[in-house]
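You will see chain A twice below: alongside chain B first, and alongside chain C after that.
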Partner chain A sequence: MKLKTSLSRKIFLAADYIILALAVCLSLFPLIHILALSFSSAAAAAAGRVSIFPVDVTLDAYKYILGKAEFFRAFGISLLRVALGTAISLSLTILSAYAMSQPDRNFHARKYFVWVFLITMVFSGGMIPLFVVIKAVGIYNSIWALVLPGAVSAFNVVLMLNFFRGLPYALTESALIDGANHFQIMARIVVPISKPSLATVGLFTIVMHWNSWFDGMIYMSDTSKYPLQTYLRNVINSVDVAKMDLTMASAMNTLSQRTVTAAQIFIAIIPILLVYPALQKYFITGMTLGSVKE
Partner chain B sequence: MREKKKKMSVKMMMKREWPFYVMLLPSLILMAVFAYLPMAGIVMAFQDFVPSGGIRGFFTSRWVGLDHFKYIFGLADFRTVLGNTLIIAVAKIIAGILVPLVLALLLNEIRNVVFKKLTQTLVYIPYFLSWVILGGILIDVLSPTGGILNRALGAFGMEPVYFLGNPDTIRPVLVISDVWKGCGYNMVIFLAALTGIDQSQYEAAKVDGAGYIQQMLHITLPGILPQVVLVTVLGLGNILNAGFDQVFNLYSPIVYEKADIIDTFVYRLGMVNLQYSISTAVGLFKSVISFVLITTSFGLAKKFANYRIF
Partner chain C sequence: MRAKQLTALLTAAAMITGMCACGSSGEPAGSGSKDGGAAAAGVETTESGEIVKQDPFFKYEEPVTITTFFEISPTLENFKESDPDEIYFFQQMKEETNISLDYLWYAAKTADDSVQKKSMAIASGELPDFMLVNSAQLGMLAKTDLINRDMGDIFEAYASDDLIEWTTCEGMGAIKSATYDGEMIAIPLVSGSIDNTPMLWIRRDWMNNLGLEMPETMEELYDVMLAFKNDDPDGNGVDDTTGLTIHNDFLSTGMSDVVGLFNGFGAYPGAWVEDGNGGLTYGSTTKEARQALEYLAKMYQDGLIRVDFSSVDGTAASEELIGGTSGLFYGKMFCGGWPLMYGAQNDPSADWVALPLPSATGEPARPQTAISIEAYAVVSAKCEHPEAIVRMLNYFIEKSTAEKEEYNRCLVSYDGTTTNFPLMYIMLRNDYALKNLNAHYACMEAVEKEDPSALSGEPLAYYEAIMKYQDGDIAGGYMGQKIFGDDMSSYTVIDYYHQNDLVLLDAFYGEPTETMGQKLTLITDAVMEYYTKVIMGTDSLDRFDEFVAECNALGLDQITEEVNAWYLEQ
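Moving on to the complex of A and B:
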């Protein structure tokens, strides 16, 4: 049955659409503004003539970045850490989760190991003790300092573990009877049927690695080894117009840098936008993946 | 307990179960080095740790007992930082629930699937961007010299406001920009809960002559309450995490009095002033309180919303 839409309902719906559209515009406006700045001339940016459309459209900022070797080096380091970090994390997650998803009768020490993982979720040594350890094991100032410390995410392991436990155990059992070993079962049965969940965990690991900047800042002593986000932080803070006083900022005429910074920020967003459709697809899965269905 | 009975078959057990140990080994080694060793390193909070000595300092440094903690609690800075952390975190929790809740309720009324989908998709883009990126954008947008917000205010004849460099405006900036980043995430959670409400309840209410406002009060709000409680309770466990990444990318010495939080304080003590022991002591203080809060909040979450993470 359908009720007739009353006038007040119509007004409400119109207001509803308008409020939501405003919310969307508000949340996207800063991003669009930065994009517009990056394609505008330095003069237009400095004169404050840019809002959501580029003014005096030019590729100057991008051309300038093309000549910046540091930018591309940092970009490459970020790609490398994403590739290495995700591959290592995902492998460790699958291996650990598979082992700990076994029934207790198959793997008697199972629950003790689960605790070993869970404890790392709640307790941590904190910034300085970890820093001392990283220096002591000799990975300070190398890409491994960005990849290894966070490689085992107990959270992801627990997510996958719960997912594996939800699979019918008969699959494993019948394979065991057929003479397969656990490595084969994991690689040929469990992993292939868990692709959506693995994709979720993988995507979130990719985004996490791409977005990390603090580890680069404290574990890398050479700025030439900075990943993109750390490099970008340096760029932003050296032009830091907002944090300077008014007179200083205008005296230094740093405003022409604005378009270049905007362009670099935008390039750093592109990889996220590329995986965004996939992220969106798995977003809800990711949130419900960990829930126990008992 | 049952160990005795099984001792006989340990050899057989290992023969069958060794693959699991092999699978766990790499993770266990990494956790031992990067999680458990640093946990042991917390002892430096009770020592006079000398940074130059490296890891051997754990064994050779002089023990000072609770001296560092006494020092910290006497520090005026520490009280400021603790207060800032609580105020900023609480404001973020409240705003971070109300705004997405209202948006989710509004979005739930809309029947146009394309508009609905598009709104969700676009609103949660900032969630996936780092605070370096968002901070860089905000620094430009809020700049007192040519930032677009100040230009807009200027059009109304207002003087430029130095948003990030003014102790009066920094907290609102932190809270609002946090809503900007996190809003989409909570909105999707709430929306999922709203779609989960049994539609036949609405049909029945309509038959009984209930208007939209009554449906909202008696079906929608009670239906979404468990989710709201859950998000609030889980937020309370994080009350000492006021958002290091965000604050670190937006604050500056001028606004320390209002924006410096425990985590940024720990960073400066340790990495800038090289006071390793004191920094670790502050960190430990935070971890202990957080642990209590997190366990309590998960207990509450389980009780009220039947939520379990494992």
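Moving on to the complex of A and C:
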């Protein structure tokens, strides 16, 4: 039997799709504009003649980037940062979440430690103290300054902790009876069945590392050690008219290459575009699975 | 004792100022009442406390390394950290002074990167030997013991005559603005305020197409704008032109702002001007500002300003000028280079010229600007050789004014084609206020005599550009011709301002007052909001008095009080 859809339902659906389509256009437009810019001629871009289709199509911008060592260096640093940062974050998060997912009777100080983590979600030491610490421990101006300070996010720990608690404790118990220690249980049983939460936390970490630029700016004293987003931030920064002078004005030829900027932005989006679909299927489950407790 | 020394310095400087034809008069400040301060280390004093002048061009016997920072200008493509050390300028500095520089950090010369890194250095209390800061950061440092507070003595003892003249050429304001509680705690690095005056840029080819006269009054300007909007000045048969290009941050001067337009009415938004009763008043809330707003609102109604100007940023405004849909805007002298040179690359027939500000008052309009202090050089309290900073400034001035042969040795090329004095590599530098104007005079003379042999350095480069333009390479020589040329260029306008003593300097140049630091941003935001709404017709000018009252409630009257208290002390 076919369900009859009422007229009002049809109207609702139509309106729904139109609104969603508009929302899609709104979010796609900047992306398409950037793509169009990157394939346009520099003159057309400077005169503002490009909207969603390239004008005077050319590959100049991409050719120019191929010769730009700084861009690829920054790109490499970002990749290294993501790899290193995600590995460290995931292992530390798993370790802390596993311990805190144990029942109170096995781990008496559990609540205390959970609070220690939760407090950091609300209060932070602030930028300057963090900066001073980073200088004092000697990781200033090295990749570790980008990877270590945010390695354990309390939010991710809580997310994973709730996921672990959602797993039947009987699994752990039976392994204990079989003579496994906690480390073996964690590595051989809990982690393999927690892929959704690993994927979620992993994706959060990857995106966070790929997108952050501020730490690169304040913790790196050599611009040659900037990660990609910090580098881009400096490239994209639109012309500060109030600070313009003769030397700058005469050099705007090289500075105002909006097409090159657009091409760099576009290349910088690609890695994340590739990661998303691969992890998407775990994503929703990972976010919500831990949230229901019996 | 120290107050006496400062007074001595100011008087000495004032004497030199007298020789420099800058217009503004310097008067010695001398009310700092600190007593008994010993002279700075390394500064000799006579028994009566006068500072003994040292050789400004001395050489250290042992090599001295000074730590600082490096700001990578976007002009420096493919910058390598070894680059600065390799240029002749710094190698020769090592040779002549035995000073070399060690850069503790490298930052991109963008608003946040460089400022952030400096703020972090200040906040963490680890300053390099010297650093350049803005006035807000200087105010912060003034309250700490991180910096050397004897810079006044050291400056007086070691500064060359040229350095003193450059620093004080436009009056004592620069030095006073670096003086806290009677102590000069930083060296102000000045440039020419006259270079920052607003002017009107106009497409002469459009004027000729329409058979119009160059506007001198605001009424004539209005007619020109109407014609540019409605009479198809580019003759392409399409209604695609606009009256006047402005962008959303229209009170920030540079390009496509409206400060010049306000000046035409005798209004000086954002500046502190004399109110005629011996006090200072804030230029954004005067009745003249109201008239200017009325004019702008009418323009918007008549479609002379883009409907969506409030979402147009500087880059988008420049696109209009480059793309050839606008033939009129207010801007500074550099506009002849950017953006107009790029417009000429698109369309060589775009014949932009600069005009003095049209006026609505019958008197010539006075372009507003502020004392131009690029930065303050602060010296760390831990620095063992504070005089080295003064020595390096002496060296900089010596080289940048050197004879042709030596000057040419210093030149570098950033982009492989043109050569420049390596300013982008030198953090510690200042500028002679009339340098560019003098370059214009020198160019004019050479063009007239058709003989560039007397020129060297920058003026020569400008001369060559002018020649290129006159030989038909419009885009290649555009910048030189439009900025330094003889045909309605930036500097013919600035020369006119200078000859007629029209430049109006912001009368307040001290440290931001207490309430200013807390509330001025609120007030400038309120001003921008109200102005934008009035221009777009969503708020009424009848509410102007109410708006002034709102500003006062936000703290403007308090600030005005503080500014006037400061003004009385001067």
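Couple of notes before you dig in:
Going forward, the second predicted complex is superposed on the first by the 241 of 294 C-alpha atoms of A that agree within 3 Å, B and C clash if a C-alpha of one lies under 4 Å from a C-alpha of the other, contacts with A are read in each partner's own complex, and residues count from 1 in each chain.
Following the convention adopted for this analysis, a contact is a pair of C-beta atoms (placed from the backbone, for glycine too) under 8 Å apart; a residue touches a chain by one contact, two chains touch by 3 or more.
The structure presented is a predicted model; accordingly, all values stated were derived computationally and were not measured.
In the superposition on chain A, contact is made by A:Glu70 with chain C only, not with chain B.
When the two complexes are overlaid on their common chain A, residue A:Lys135 makes contact with chain B and with chain C alike. By the document's definition of touching, both partners, chain B and chain C, reach A:Ala46. In the superposition on chain A, A:Ile218 makes contact with both chain B and chain C.
Touched residues of chain A, counted separately for chain B and chain C, are more numerous for B.
After overlaying the two complexes on the shared chain, residue contacts for A:Arg165 are found with neither chain B nor chain C.
Once the two complexes are overlaid on the shared chain, A:Leu13 sits against chain B while remaining clear of chain C.
The residues of chain A shared by its contacts with chain B and with chain C are 46-48, 128, 131-132, 135, 218, 233, 240-243, 245-246, 249-250, 255. For chain B in complex with chain A, the touching residues are 6, 13, 16-17, 19-21, 23-24, 26-28, 30-31, 33-42, 44, 51, 54-55, 57, 103, 106-107, 109-110, 115, 118-119, 121-126, 128-130, 132-133, 135-148, 151, 160, 162-165, 180, 183-184, 188-189, 192, 203, 206, 212, 244-245, 248-249, 252, 254, 266-267, 270-271, 276, 279-280, 283-284, 287, 291, 294-295, 308-310. Those residues of chain C that touch chain A in the shared complex are 72-75, 77-79, 81, 104-108, 110-113, 116-117, 120, 123-124, 126, 195, 252-256, 313-316, 318-320, 322-324, 332, 334-339, 341-342, 345-346, 414-415, 418, 420, 423-424, 436, 479, 483.
Contact residues on chain A toward chain C in their complex (touch as defined above): 43, 46-49, 69-70, 128, 131-132, 135, 217-218, 221-224, 233-234, 237-256. For chain A in complex with chain B, the residues that touch the partner chain are 1, 3, 9, 12-13, 16-17, 19-21, 23-24, 27-28, 30-31, 33-34, 37, 45-48, 50-51, 92, 95-96, 98-100, 102, 106-110, 113-114, 116-118, 120, 122-137, 148-152, 157-158, 161-162, 181-183, 186, 207, 210-214, 218, 229-230, 232-233, 236, 240-243, 245-246, 249-250, 255, 258, 261-262, 265, 268-269, 272, 276, 279-280, 283-284, 287, 290-292.
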